[in-house]
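Below are structures written as structure tokens.
Okay, so subunit A shows up in both of these, paired with subunit B first and subunit C after.
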Partner chain A sequence: MRNLLSANLLRLRKSRLFWGLLLLLFGLGVLFTLRRLADQVRWSAWGAQGARYYLTVDLFTYALFLGFGMAAFIPLFFGAEYSDGAIRNKLIAGHSRLSIYLSHLITSVVAALCAAGAYVLPVLAVGFFIYEPPALEAGTLALLVLGTLVLLAAYCALYTLVTMNCSRKSTAAVICLLGMLALYIVSGNVEIPLMHPEYLNWVVTEAGEMIPGDPNPRYVGGMERVVLETLQDLLPTGQSLQYMRADVAHPARLPLYALIDVAAFTAIGAALFRKKDLK
Partner chain B sequence: MIKLLSANFLRLRKTNLIWGSLGICVGLGALAALGEFRFQVSVGADLSVPEVAQYKALLEKQFFEYAAFIGILAAEFISLFLGTEYSDATLRNKIAVGHSRLSIYAANLITGFAASLMCIAGYMLSCLAVGTPLLGWFSKPAPLLLCAIAGSVLMLAAFCAIFTFVAMNCAKKSTSVVICLLGVFALLLAAVYLNGRLEAPEFITGYELSGNGEIVDAVPEPNPNYLTGAKREVYQFLYDLLPTGQSLQYTMLNFTDPARLMGLAAAVCAVFTAAGAALLRRKDLK
Partner chain C sequence: MEYVLATQGLSKHYRQFKALDNLTMHVPKGSIYGFVGRNGAGKTTLIRLICGLQAPTSGSYSLYGTDFTQKEIAKIRRRMGAVVETPSIYLDLTAEDNLKEQFRVLGVPTDDGIPELLKLVGLENTGKKKARNFSLGMKQRLGIAVALAGDPDFLVLDEPVNGLDPQGIIDIRELILKLNRERNITVLISSHILDELSRLATHYGFIDSGRIVKELSARELEAACRKCLRVEVTDTRALARVLDGMGVEYKILSDGQADVFAQLNISQLSRALDGEGCELLSAQERDESLESYFVNLVGGGPRD
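Entry: the complex of A and B
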């Protein structure tokens, strides 16, 4: 396993694709920070209120970018193992299929973490002068950071499942990229009914109290709400949407669900890979 | 050229890729019409209320949805279909039997365009078949609808020219798939951003407390996000030039100058085809 990992990491270090991914994420980090700077200059006439952005506005956007970035990177990088026959060579050298699978997953998680670092670096460095500190408790912020990192692992586990069980590199890339888009559409549609408020308006009583007014007929409650919320928290794309807005209803639950994703995708992927005919 | 085209169409007919893409389009067309109908039912049928009337289900709201996703489908389809020419060495065989590189390029472009046209025809027919009984016929004038159909077909030609350019000049099928798909996602994001900037209102009206404690509209103030002068022209030009920008405009049936859009789509198609064919002529096919 250690040999496999060190071989994979060496290939990663020498891969132009990997360095291209890092450069892309770094560029996006710079672009987003500069865009906020331009916004601040434009809104400066409106005083401090119009020019305040919390760091969390842009900090977790890598959860979206890397969803797409890893969907392209993993099939291209590990798909080459099939096309170049490297998987068969590893098996002939005595490595088990499970250790090959796990070494690929760990390598892809390392690549994703490096790419996330490349995005965060300019956001923190340049953004230090631009953004307001996050208006969150330190514990919640730490949970959000942890959650996005586990989320990246969930994406990697999903794409590794596809790539390791699809011997055509181009087909794996299409499945990962279009699958990612399809999951985003599902999460976007799950989110819409959850956004409707419970009441259409609030009424001020004579005593000055705010009481709920007319109930909103489009509000989804009860069991249906629980199911939709669970689905949204369980899908990696649903988690991405929540982290991007830094508006997470259950910050402690998301990392746990992402871990369940990692475990489930890895178990399915490794089981399928064990039975796969590698020709 | 005719032989190349007939060979391509034969391959097209036998590939699962085209039938799968066509199936997706037909399914989406029917689902779009059904979704529009269901949405109106969920909102309520009392269309005399102005707030509800805006949700009135209309066939044209869904009929042009294909413009939003056909670029993604064409990216996947063209890069996979044409990428096989490289991986199976069909390209060299075609050259070996005497076909020119230009005619191979043109035949592949036409084939990709024809397949994508078939997909949007599938979407339109299923949307009409399901939508007309549920939602009635179109309410917008025929010239506008015809303009949108003709414009979206030219937009599709521009998409196909771009993807053929990539697929014919990239020997690795998987790389061209990723470039085309990520490229179209990036262009879609760019179009959404441009649309957001162009749609920003000129004035912003906030709220303030009046002397007797009531909340009233404040005096409108200029919006710093509103684009003016040359900057607005540039943003509008880019929005009209990008095939993804055009796709948003046709999807929402919100365009002011269809002749300009069609001209720009034709220009994109011509530029990418000329550049792609020129690059292929010099490419080392090994």
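Entry: the complex of A and C
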């Protein structure tokens, strides 16, 4: 396994695709920071004071970008193992299919972490002067950081499942990208009913107490809410949407759910790959 | 005889299609084994199985005496190198980087052996040129270099000269002969280019419709294809006496048939046989090439 990782990382270092991904994420990080800076300048010109953004507004956007970025990168990078036939060398060299699968997964996670770092770097460096510090407790912030990193691993596990079991890299890339899009649509639709508040308004009593007003007929409660929330927390795209808004209802739960995703995708993918007839 | 590869009743089915059907073959150690068959006969399927790319439907095979079901087979496979169908190389890497990759896959501690390997296959001057820009022959030689990275003693080459120009074919042939003679590497070459195989192989296995129809050494094949006079007589014992008397080499095939490996005067032979009370029924000159031997063996008709 160590040998396979060493070989994969060597190829990663030499890959133009990988450096292109890093450059893209770095560029997006710069772009987002400059956009906030431009907003601030515009607001300042109008004499307004309100244009201050919390760091968390843009910090975790990589969870979305890399969802799409890795959907293209993993099939194209590891799909070359099939198209160039190099996967045969690994099998003939006596490596087990499981170790080949896991080494690909680990390498793709390393690539995703590097790409996330390329995005975060300009956001933190330039953003230090622009953004307000996060209005979160350190523990919650750490959970969000951890959660997004495990989420990246979940995306990598999903795309590795497709790539390792699809011999054509272009087909694998299309499946990953369209699958990602489909999952986003599902998550977006799951989120809509969850966004509705339970009450249409709140009433202040004579004693100054806030009490709920009219119940919201569109509010989803009970078991249906539990199912939708669980689905949203389980789907990597559902997690991405929550991190992007920096509005995470269950920050401790999401990394665990992402870990469940990693384990499930890897178990399914490795089992299928074990049975696959290679050419 | 020690066999590097031995298969026993090996079968591989893809749904209803039998790519390999109860195939039994033996590749002797130190040989260049020519694996001959038409397109779709099952050559590549067998190679995929022994490389561990696919699992057999039934039957078994062993590498260096280790059965494929044993755990040790993974270690044993490290003793083999293979080029299956197309060279297994990363097209976006240089020749040197491709070998660095394979050295890491194999856990070779240093890259010191790379220049020697590149020289061996004649790619020492390719510099920073990516494999994508190599000619077919260069890619094929790089594929062989990658297969040799683990210093194997069994090399499997699937159609190594397919699509190569004449010079490319000569380069590959010389490389294979060099590896076999100087490094004592056993080579299994699948091909349907019989003329090329006949310049290399020490042993042959003929495959048709997923079955081995004949296995023989190059010497046996040469004998079978040797120019001769096939005679039919009423008494081969009498024929033997006459031919012994003439000091001629011959081979008795059956009670009434023999191959005579000499230019004979038929009238003289007929008279001599008459004297022994034997009749010469027919005499036919035979000069079989590997190609005609193969066609006779598997039949020249259309495929299924």
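Criterion: the second predicted complex is superposed on the first by the 274 of 279 C-alpha atoms of A that agree within 3 Å, B and C clash if a C-alpha of one lies under 4 Å from a C-alpha of the other, contacts with A are read in each partner's own complex, and residues count from 1 in each chain.
In this text, a contact is a pair of C-beta atoms (placed from the backbone, for glycine too) under 8 Å apart; a residue touches a chain by one contact, two chains touch by 3 or more.
Predicted model, so just to flag it, every value in this text is computed and none were measured.
Visitor: Superpose on subunit A as described above, then tell me if subunit B and subunit C fit or clash.
Guide: Taken together on subunit A, subunit C would fit alongside subunit B, as the superposition shows.
Visitor: Of the two partner chains, subunit B (first) and subunit C (second), which one does A:277 touch, if any: first, second, both, or neither?
Guide: second
Visitor: With both complexes overlaid on chain A, does A:11 touch subunit B (first), subunit C (second), both or neither?
Guide: second
Visitor: Is A:178 in contact with subunit B, with subunit C, with both, or with neither (first, second, both, neither)?
Guide: A:178 contacts subunit B only, not subunit C.
Visitor: Which angle, as a multiple of 10 degrees, do subunit B and subunit C span at the CA centre of subunit A?
Guide: After fitting both complexes on chain A, the angle is 90 degrees.
Visitor: Between subunit B and subunit C, pick out the one touching the greater number of residues of subunit A.
Guide: After superposition, C is the partner touching more of subunit A.
Visitor: Taking the superposition as given, does A:79 touch the first partner, subunit B, the second, subunit C, both, or neither?
Guide: Once the two structures are laid over each other on A, A:79 reaches subunit B alone.
Visitor: First (subunit B), second (subunit C), both or neither: which does A:43 touch?
Guide: A:43: touches subunit B, not subunit C.
Visitor: Look at A:93 in the shared chain and tell me whether it touches subunit B only, subunit C only, both, or neither; answer first, second, both or neither.
Guide: It touches subunit C, and subunit B stays clear.
Visitor: After superposition on the shared chain, which partner residues are touched by A:169: those of subunit B (first), subunit C (second), both, or neither?
Guide: After superposing on A, A:169 lies in contact with subunit B but is clear of subunit C.
Visitor: Between subunit B (first) and subunit C (second), which, if any, makes contact with A:250: first, second, both or neither?
Guide: neither
Visitor: Once the two structures sit on chain A together, report how near the CA atoms of subunit B get to those of subunit C, whole Å.
Guide: 11
Visitor: Under the stated contact criterion, what part of subunit B meets subunit A in this complex?
Guide: Touching subunit A from subunit B are residues 42, 72, 76, 79-80, 83, 173-175, 177-178, 181-182, 185, 224-225.
Visitor: Along subunit A, where are the residues that touch subunit C in the complex?
Guide: Touching subunit C from subunit A are residues 2-4, 6-7, 10-11, 14-16, 80, 84-96, 277-279.
Visitor: List the residues on subunit A that touch subunit B in their complex, please.
Guide: My answer: residues 42-43, 45-46, 50, 68, 72, 75-76, 79, 169-174, 177-178, 181, 218.
Visitor: Mind pulling up the subunit C residues that touch subunit A in the complex?
Guide: Residues in contact with subunit A: 48, 51-55, 74-78, 80-82, 84-93, 97, 100-102, 104-107, 146-147, 150.
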